[in-house]
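In the two complexes that follow, subunit A is the common piece, with subunit B as its partner first and subunit C second.
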Partner chain A sequence: MSWKKILGLIGLAIYGLWALGPYYLTVITSFKKLTDVFSIPPKIIPYVDFTPTLEAYERVFTTRAIWTFVTSLIVASAGTIIAIVVGLLAAYGFSRFPKAPMNDERSFFILLTLRMLPPFAVVLPIVTYWVFLGLIDTYLALIWTYAIFSVPLAVWLIKGFVDEIPKSIEDAAMADGYGFGARLRKIVIPLLGAGLAATVALTWLFLWNEFLFALKVAGGKVVTYTAYLPQLRLGQRTLWNVYGAMGTLGSIPPLLILIIFRRYIIRLYLGGR
Partner chain B sequence: MTRMPSSSKSSRLPIFLQLPATIVIWSLVGYVLPWLIFTLFHRYPLGRSAEFVGLGNIIMMFQDKRLYGAVLRTIYYAGLGTLIEVLLGMAVALALVNLIKNEKIRFAVLMLFLLPMCLSEAVASIIWIMLATPEGYLNCFLRALGIKPIPWLSTRWSLTTLMIADIWQWTPLPLLLIYAARTSIPAEAYEVAELDRLSPWTTFRVVTWPYIKYAVVVAALFRLILMYITIDKFIMITYGGPGHASEVIGFYVFLQSFGYRNIGYAATLSFATLIVAAIITYFFWSMFRRM
Partner chain C sequence: MPEIKLENVSKLIDNKPIVDNVSLEIPNKSLFCVLGPPRSGKSMLMRLIAGLDMPDKGRIFFDGNDVTHLGPVERKVAIAFQDFALYPHLTAFDNIASPLKAMKLPGDEIRRKVMDVARYLKIEHRLTHYPSELSGGEKQRVAIARALVKDAEVILLDEPLVRLDYKIREDMRAELHKIQREVGKNVILMTSDPLDAMSLGERIAVMREGKVLQLGTMEEIYERPVNIFVGRYFGVVEMNVFDGELVKVNDTISLKTKIFEVPIKIARKLPRGKVKIGIRPEHISLVELAGKKEVNFKGKIVLTEVVGSDTIVHIDVGLEELIRVSVPAIYRRRMGEEIGVGFNVEALYIFSPEDGKLLARGGDLIG
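After this line comes the complex of A and B, so read on.
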């Protein structure tokens, strides 16, 4: 091994420490007693520097904090289902009928532009809209808002996967008298398979992670775990270990998705944010 | 037999395919855009009805010194942040491919490096609050090493701390894009470069760069847009403070909307920032399509 290579590997190790260190500190904080959190020198190795305790998790599981995860699960799942159903139809159209009206490249571009617009610039009118309808701070409002913002991403990703299915397969099925519904159910969706599953996972992940709309469209009666996090700071003293526990629990779904869909992650993030 | 009706049906099929998505989207966007355009010509004094002010809000925007400050901070935050994220991501991606030859190990390392990007902005924020708070982990480490602690969330540092947090979370994106582009280069290209005894720099310039340059440009534009439009960390970590020290454009619009409730002026700022974002996005897409 040349010295250049050793230097490079040391560089990668330092980057690894930088990328994973903060997350590691958060996870161990969740297992600390409040008095152990910030000590000098820092306590960083469980069982050596400090005795792990489930105090923080007990607090999360016995207060309304745990219900905020359930809320996140509900709104993210419902938003994903709507986005995927309408997105699949639209993506099929964009892929198969690029010359038809509403299916051409311009319409596709307009749809994708929605994804890149600043949420901070539309959150006020959206809040006004739901207040106007008398639905502010309800599941319906947050789910519907989430669905709308997920459609462009779902369409973009699914279109890429549909493009890969040879049109000849569908033509053959059409010759056998398969209608559109049967082709979609029996040919397109099965062939999309893992790609569709990965799209579902990524769409869901972005909604699970969403913060600004969760805070402003809901956040009073309907509280997702991300919208709950700022409330943790309002108390007399910050419960750092509860903070750590909330962060750790919130990071479990993303980690699972990263592990399960690792083969797709490169493709998905090319399309995602 | 059923040939004729099915073909006439299929000519309408494309429009039916787009209807659900179009209805879902325009049920909200159809309100948002007209509302913004109506509201930006009005003022909403507390407890009274809308007052027409013509171009008043737009003139106010061009005279708003606080907005200019926010623009400068956005340029610093998004510009420098993007530059560092892309350069660091490129360095790590190329180092990974050059130094770790075993593909399984390399892929596992890549996955570990991607972790921060998968977390919620809100979770990343609490991680960085724990690190950056005056008695937090960063200062614990500094004190343990005998170095004077740094006031990470002070007027002088807060914007930079937010930028560091964003670099931590989002360097994985350029890293991933450039990694994907780098692994698509055929190994023969490097064998030829070695036979020709090209210097490492020349090899990078002649062999690597042509393959990865689009990934680099796309990653840079992507990060630039997203650093401009994402304000979650600002809301969670500093709330624009202390004072106006970490007030960027997005957060300023948020504050006018929900803090001061200057509804007319907030709509004006929203509309202006939407147009800027649309222009950048258009530029981005025309670039992306050329790939």
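After this line comes the complex of A and C, so read on.
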């Protein structure tokens, strides 16, 4: 093994410690008693520094907390489905009908600005809107808000992939006798393939991790796991070990998605397929 | 197998006419060829005939029925695209089967039809492969197979040969002819290669800038191109064009250029004055090979270029441009050598200098 390679591995090891260290702390905190969380010096190695316990997990699985994951799963998935369906159709239109009225950079830019504002800047009118409709703190309100905020990214990403499909392939499908729906199903979507999958994954991840809307548009009856976190208190004390357990459980789906879709997401960022 | 008729068809893009007031009649069961340089509007004309795009003006009839607003399926057309447009995620078999699947035919019938057409086009051993694994010629065959398989009444081929190697082009040309004869359908071929048009088209439309300049058989267009553009374009080697003048000297009318003057009898009345003179390279001969002709002059060889079994000799005879002479043999000469060239008056084309329109053929002038 050359020196270069050894130095490289050492570098990677340091980076790995630096990057995974905090996550390690989250995971081991979830296996601590609350009294062990703040001890100084910190207890880092299980079975040596402290005895692991499933206390925090017991608390998650026996209370409302576990159901907040289900809520998160529902709103993130429903929001993603709507955003992808709308985004796919819109992206197709932007890509395939450049001569259509209002299809220019301006409308595309306006669409993207929806995403550029910090959610904090628009949360107040959105809450007012749902209160006015009498739908505040419902699945519908949160899913709808999520879908609307996910559409721009979906359109932007998918349009790039639709642009890459030669128009003549669709002409051929039209001549073969496929209507618009069949063309979309049999030709466009299969050819979008990996790009569409990566867009679905990214959209879903953003929604799974979303906090502010979850807290303000819902958060009372409908509670996602992110919005539930501030409630993890016992009197004056924050239940950091339960935080740890929630964080550990909440990071499982994103990790799975990142592992499964890793190749596609990297390609997405590289701007190709 | 309909007779296709286009009536004053126009298509605008960004207010620019891509197809400009085209009227055409394409007879039954014919091999019709639309010839035009790139961007002359022939692809759009194909899309309009196919029903992929709707014209902004004009009407299209198939067998007398107005199909202007019908799609490709209702018109029963099949298309083979210039870039083949094969579905990259499907095998050759599924590509060919695609129109049959759209018709929801039973599986065994699809299989039988695909195998028939694949055998006919000699690609049955490549059916399990994806387009990315096929050669250019094979992709071409798959694209044509997909067009043939569905028993369409009109088959449109957009530049089917342009992406192929020289040798495969020759083979495919012969094959297209055979296909048209055997399948007995209306085949419409879009091409920018005059050779394709000359060897394949029973009737040919020459297009430029969205307009059909000339419509006729190969012989008609070759013998009487409507203008200089068609004359230059429609030939294996580009026509020579140079300046001339019709002058009257003592009761005889002469055609005069910088280097020769030839008395001609005028059968048709032509205005005196400047004209453009055209002559095809294959109608000029070298004196040392073919003897003297009615008009003879000398020049210096600038370049000899062997094309297939012909040689194109570029000769400086003192006119505005070099004269191209096509010799039907391999012919090597050194640069700068002096050589005699000659042609007969009947081979000349006389064009108007203003709009380039054909005024007369040399034959008319002998009278």
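FYI, the second predicted complex is superposed on the first by the 245 of 273 C-alpha atoms of A that agree within 3 Å, B and C clash if a C-alpha of one lies under 4 Å from a C-alpha of the other, contacts with A are read in each partner's own complex, and residues count from 1 in each chain.
Here, contacts are C-beta pairs under 8 Å (C-beta built on N, C-alpha and C of every residue); 3 or more make two chains touch, one makes a residue touch a chain.
Predicted, not measured: the structure shown is a model, and the values here were computed from it.
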Requested in this report: Return first, second, both or neither, reflecting whether A:V86 touches subunit B, subunit C, both chains, or no partner chain.
Outcome: first
Report task. Once the structures are superposed on A, label A:F108 by its partner contacts, choosing first (subunit B), second (subunit C), both or neither. Result -> neither
Query raised in the report: Per the overlay, which chain contacts more subunit A residues, subunit B or subunit C?
Result: B
Query raised in the report: Looking at the overlay, does A:A147 come into contact with subunit B only (first), subunit C only (second), both, or neither?
Result: first
Requested in this report: Kindly classify A:D171 by the partners it touches after superposition: subunit B alone (first), subunit C alone (second), both, or neither?
Outcome: second
Requested in this report: Go through the superposed model and pick first if A:W204 touches only subunit B, second if only subunit C, both, or neither.
Outcome: neither
Query raised in the report: So, does A:I187 touch the first partner subunit B, the second partner subunit C, both, or neither?
Result: second
Query raised in the report: Once the two structures are fitted together, what part of subunit A is touched by subunit B and by subunit C alike?
Result: 174, 177
Report summary line: Touching subunit B in the complex, subunit A uses residues 5, 8-9, 11-12, 15-16, 18-20, 22-23, 25-26, 29, 38-42, 82, 85-87, 89-90, 92-93, 96-97, 100-103, 107, 109, 111-114, 116-126, 128-129, 132, 144-145, 147-148, 151, 155, 174, 177, 179-180, 205, 208-212, 215-216, 226, 229-230, 238, 240, 243-244, 246-247, 250-251, 254-255, 257-259, 262, 265-266, 269-270, 273
Report summary line: Residue set of subunit C touching subunit A in the complex reads 13-14, 47, 50, 52, 71-73, 77-79, 81-83, 85-89, 98-99, 102-103, 146, 150
Requested in this report: Would you tell me which residues of subunit B are touching subunit A in their complex?
Outcome: 2, 6, 10, 13-15, 17-18, 20-22, 24-25, 27-29, 31-32, 35-36, 39, 88, 91-92, 95-96, 98-100, 107, 109, 111-123, 125-131, 133, 135-137, 140-141, 143-144, 168, 171-173, 176-177, 179-180, 222, 225-226, 228-232, 235-236, 250-251, 253-254, 257-258, 263, 266-267, 269-271, 273-274, 277-278, 280-282, 284-285
**Report entry** Residues of subunit A defined as touching subunit C within the complex
**Finding:** 99, 166, 168-169, 171-178, 182, 187, 190-191, 193
